[in-house]
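Across the two complexes that follow, chain A remains constant while its partner is chain B and subsequently chain C.
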Partner chain A sequence: MGSFFRELNRNKAMFLMIAPVLLFFIVFSYFPMVGVYYAFTRFSFDGGLFGSEFIGMKNFEFLFKSGALWNLTKNTVLYNLAFILIGNALQLVCAILLSELPGKWFRKTTQSVMFLPFFVSFVLVGAFVFNLFNSNNGVVNTVLAQLGLPEYDFYLHTEPWKYIITFFAVWKGLGYGTVIYLAAIMGISDEYHEAAKIDGANIFQRVRYIIVPMLVPTFILLILLSLGGILKGQFDLFYQIVGNNGMLFEATDIIDTYVYRSLAVNFDIGMGTAAGLYQSLFGFVLVLTVNYIIKKVREDYALF
Partner chain B sequence: MRQDKMKYFSWFVAILMVAALLSGCAKSSNEPLEESPTTTSSDSAEGSEGKLDTSKKVELVWYLLGDANKDQKEVMAELNKMLEKDLNTTVKLNFTTWTDWQTKYNLLLASGEKIDMIFASTWSDYYKFANQGAFLPLGDLLPTYAPETWKNVPKQDWDEATVKGNILAVPATYPEYTPDGLVYREDWRNELGLPEIKDLDSIEAYLDGVKKAKNVTPINGKAYNEVFTLFKAYNDYQQIGGDSGVIAASSYDNPRDIIAYPFTPEFEAWVKRMKTWADKGFWNSDTLSSQVEAGDAIKVGTGAVYWRNAPGAGGYIVDMEKNNPEIKLGYFPFTRFHNYVMPNLSVNNAMAIPKNAANPERSLMVLDKLRNDPKYYDLLSYGIEGKHYSIAEDGKYIVTPPANLKDTKNFVPYGIASWGFRLESMERVKQASGWSGFDALLQEFKSESKPNIFAPVLLDYAPVKSQQAAVNAVIQQYGLPLMMGLVPDVDKAIETYRKQLEAAGVNDVLAYVKEQAYAYYDEKGMK
Partner chain C sequence: MKIKTEKATIVFNVIGYTIITILTLLCLLPFLLIVSGSVTPEKEIIAEGFKFIPNQFSLDAYTAAFSNTGQIVSAYRVTIFLTLGGTALGLFLTSMAGYVLSRNDFKYRNSLAFFIYFTTLFSGGLIPWYILIVNQLNMKDSYMALLLPPLLSAWNIILMKNFMKSIPDAITESAKIDGAADFTIYWKLILPLSTPGLATIGLFMALGYWNDWFLANLFVTTESKYPLQFLLYKILASAAVLNTNVAGNLSPDFRPPAETLKMAVAVIATGPIILLYPFVQRFFVKGLTIGAVKG
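On to the complex of A and B.
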């Protein structure tokens, strides 16, 4: 304790600077965590948070009923893995390409255009998708018909949706992630490049032996950060694209959409919290595990 | 030293991450509910002459569903001017907007926000919330603070608003029939010489005729409501206590025969028929993902059929007569399948006071004024006279746009979801927006009206809520595609659906609904 105060005294300015952030998280993240208790109660307005009847794990039951949980968890994890891996890989490639582009004007423009989808809301994305793929006058089917090919009923088949959803998720995050990698690339000291050039390294060699290794820590950090949310599906993405179309659920149902569907008719705070708690705990354990593994392999890349 | 700092930093990052992770699970719960202020009638608010004490200035917060009007500010300013003079009160009127109103409404009540009055209704789970204790009991307050309303509202209406012995809402006094039905293009039916719509076969013939001759998708957009309400009405399945999922009474005359309809042969026959309908293209294969209202397609000539309840159909038809006079519409109420109709409960629209309202007494006083003083009623319901409407020559109904308005082109009509405090006697607009066909329809309904025995059954599903949640998910995943005839193999899909329902615990839900319904029937002495 004494050493803590000494530390506090020594780095007053530092702690002062970090105080607002700490306060923010305490108020908006730690304090509300008390609400996790809702997951174990039967909510009533008379009782409120602590006065409601304690019912143990009963709120979690609906996740296990009908055995949907395994399929949901699998879908959620696989989708997120695809988003994270494909997304990060593409962002990395784009960042490297952009950084090597000679013209400043062209680079800036490309970057902006890539960034645009990030600002498009999922409601709009949903509208795009519907207008692209619907059976009546969708773009894809109209083109197919023009080419004399048989039409394809996207909304009756589950297979294409895995790719459609992954595509739009990656497309939307591309610009944003690219900027992060680009910043990391800009941070690489020019000395490396100059030394390499003098030694006669061509551009591919420089990418392979300088840029990629230097980006690995950023890559791992971003992956680690996104792993925590691996059980949190992007609800808006899935809901806006698939909606309440039961035909497609087998391939597109994630925990969030399942919870929404189960509780939309009968709003229930307890069960909603239970589902959220399950997702968070899963993510928490996953981050700790992956971090532990990374620590064993390359200690300096680990988060903590 | 530097190493040290890095360590602190990484710890800090770790904490942030965990914080961000866990913050998601408590989104809706960051405010523990406070104890509601105790409110009893012995509040000694009555002054010496039996006049209520309004010496303290109060600002009330009210919530309505739906969207505010463009001129809401102006109307509220006007209203508050009057209220301030009469009751030393102002009202801040908030709206949920129609986007995601259900979620917002639920959160408003659950988060314990200080609200003095809020819209309540059976279709926004009045009974469930009442049962959970979300609303303040009004029995003791009403005679004192809303005497006129207390006197004027029929006893039957108060009874319907009573939960566990407490009156928890002030129902609107606006008896209504809102049976489901289909709006369809009558001009096409005449033109193509199709049979008059009076049963399921004639509906099928109409859809088929329109599809072939006009080459349009008859129900062009979301079609689930059309098909599902038709299914219920055709088989006379009556849902119990609001939306009861797959549980229904098998007919009005057999209220005790409560079933899970997917297990009946009628359901099997129905979905097989719907498969042929879907294959014939009566709706699109993407109907479950579509966000398009079938009614919008009719307006542009690419659709023919639209589900509406009777007053809603009136509004839709009148609107069409005004904007697309070349399109002639007809209406077929599903009541004609079994020749009876049930009136809505009084609490189909009502105003309630949430548990932790700061000023329930004053809120009731304002409501009493609103319901009984035409000045108030007209202002909040129809807007400002001369700007939004003018009184017709008969002195009763209103004219929009107002008669003396010159610039009718830019006229924006006024209207909000004022249903919670509507009175038939105070209304200045005819039901169903004055649709000419409605009077005859109303006569028909009145002559075949039967008491509503299903809606008042109180269900909150508390003992079976995990089963109910799982069943809901199954209905959406397997039931909807089946109902819309989209599955490739109907027999197999029925089997899967039934198996999934059973796994989800549909029998527990069924047993629960039965128990509650029987208890209600016994209480009312029904056999």
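On to the complex of A and C.
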């Protein structure tokens, strides 16, 4: 302790310079960790943090027994798996094609356009969905009518939303991920390509035997890193596309939207906090596991 | 001798151009739909629905949007204020902390870095965080609730630290020998050398502020305090369009457009991003490569 104060005294300026940041995390990150206590109470607004009735594991028990926890976890994990696998595969394909196709102008333009969705807000994605699928005058139904096909009310069916949500998740991250893979491809030495060309390898063979094997480590690493966050849902995406549309919840409810509704719609603070705590704890274990695996495979890429 | 393009290369190029073109169009198409929706006459949409190319062209939606600009202008003002203020303050605090953590002679750099990093591994969740901001910090319906929560991120601080680590230690050391104070070294020497990192992280922050609607949705109740994206969200969500006083301002036979107005506001709220992103894109690309360096 004495040595800490000596250090503090000697490096006063340094401590002062980092103090606002530490204060910020204490207030906005560490203080709410105390609040997970709500998960074990029947929350009352008069009682506040410690005045609410303590009910032990009852909230968790309810979440588990009602099947809500299972459905939410299943949806969150499956959606994220789809986003990660389809997203990375497409990004990889785009990066390989963009690195080998001739035509500088074409490459630059298409890469820029594919990066565009990354910059717009999820509210705008909501506007797209409204424009395309709303039941009165959405584009899809307009086209169906022109083709003489019967109208389809998207808001009465859960099935299409899985694909719509996945489409926009992949759509938004395509350009960003492509850039990462492109950087990895640029790191491959030209010598491999030259040598392969001399040996008479065509472009498909070079992709198959040089580029793909060289990218596999990056691919696996990115997938592993994403798997660590597989319980974290993209609230913006789901909420802007589905909103509070109860009809569709069975297929589209993820932990994050459930927690949000507990807070903003159902005012079920205890239950929502419990679901959030479950997500945090389980997510924590996942990150530790993923980090352990990466450490075994590629020490230098471990998170900590 | 003329070099013949291999057959395989031709096949590859055809497949490649096709796939990339399709994906590029898919990225672009939703934007075109919004723009074409905003310039379609309301009547046509009611009768036939949204289309890729409207039969007729009309600027009614924009006339309506600009006839009562109060709401849009005030939302723009809130968003610009938050974006500039939040990014400037956030960058200052982030770079200062990043510098302290990058200094090898600072004894507690590792434990403090972990203290910050740990917040990305575990959190109390949305609800305790919400209750803190509303009950303990009393920020309901205040600009502070929009400005403070996104101010700092552990990732940005780590990114900044890694970037500053690549600046040679000799600069700090020689300045120390000359008797310069720590803050002076940071402000006069390190900060100017960090501009590429600052630009990248600053743009990420600015984009976050510009596109935020979630915080306003949780905390803001007064309409005049709505930021841009939240106003757009509200307009999209309302079945009967926002309270533009169009009817009062325009001739009596003018029907206020509802569906097209939504599209027009979407264009107005997104326009600046579309216009700016070609110029800032490269900073984001650079940021990805900085992020790849681990420290």
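The rule we apply is simple: the second predicted complex is superposed on the first by the 206 of 304 C-alpha atoms of A that agree within 3 Å, B and C clash if a C-alpha of one lies under 4 Å from a C-alpha of the other, contacts with A are read in each partner's own complex, and residues count from 1 in each chain.
Criterion: a contact is a pair of C-beta atoms (placed from the backbone, for glycine too) under 8 Å apart; a residue touches a chain by one contact, two chains touch by 3 or more.
Values in this document were obtained by computation on a predicted structure and should not be read as measured data.
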**Request:** Report for A:Val179: first if it touches chain B alone, second if chain C alone, otherwise both or neither.
**Result:** second
**Asked** Where does A:Ser189 make contact in the superposed view: on chain B (first), on chain C (second), on both, or on neither?
**Response** neither
**Request:** State whether A:Thr289 touches chain B only (first), chain C only (second), both chains, or neither.
**Result:** neither
**Item:** Superposed model, chain A: greater residue contact from chain B or chain C
**Value:** C
**Message:** On the A-aligned overlay, A:Gly35 touches which partner chain: chain B = first, chain C = second, or both, or neither?
**Reply:** both
**Message:** Quick check on the superposed pair: does A:Thr273 touch chain B, chain C, both, or neither? Answer first, second, both or neither.
**Reply:** both
**Request:** Identify the partner contact of A:Ser135: answer first if only chain B is touched, second if only chain C is, both if each is, neither if none is.
**Result:** first
**Request:** Scan A:Val93 for contacts with chain B and chain C and give back first, second, both or neither.
**Result:** second
**Request:** For A:Leu263, select first, second, both or neither according to whether it touches chain B, chain C, the two together, or no partner.
**Result:** both
**Where chain A meets both chain C and chain B, residue numbers** = 18, 25, 28-36, 38, 48-49, 126-127, 130, 136, 243, 262-264, 269, 272-273, 276-277, 279-280, 283-284, 287, 304
**Asked** chain A touches which residues of chain B in the complex?
**Response** 10-30, 32-34, 102-103, 106, 109-110, 112, 125, 128-129, 132-134, 217, 220, 243, 245, 284-286, 288-291, 355, 461-462, 465-470, 472-474, 476-481, 486-488, 500, 503-505
**Asked** What part of chain A is in contact with chain C in the complex they form?
**Response** 7, 11, 13-14, 17-18, 20-22, 24-25, 27-36, 38, 48-49, 90, 93-94, 97-98, 100-102, 106, 109-110, 112-124, 126-128, 130-132, 136-139, 141-142, 145, 171, 174-176, 179-180, 183, 202-204, 207, 235-236, 240, 243, 256, 259-260, 262-264, 269, 272-273, 276-277, 279-281, 283-284, 287, 300-301, 304
**Prompt:** Quick one: in the complex, what on chain A touches chain B?
**Reply:** 18, 25, 28-36, 38-39, 42-50, 58-59, 61-62, 65-68, 126-127, 130, 133-136, 153-156, 225, 228-229, 232, 242-249, 253, 258, 261-269, 271-273, 276-277, 279-280, 283-284, 287, 303-304
**Request:** Would you tell me which residues of chain C are touching chain A in their complex?
**Result:** 6, 8-9, 11-13, 16-17, 19-21, 23-24, 26-28, 30-31, 33-34, 37, 45-46, 48-52, 93-94, 96-97, 99-101, 103, 106-108, 112, 114-117, 119, 121-132, 135-137, 148-149, 151-152, 154, 157, 181-183, 186, 207, 210-214, 218, 229-230, 232-233, 236-237, 259, 262-263, 266, 269-270, 273-274, 277-278, 281, 284-285, 288-289, 292, 294
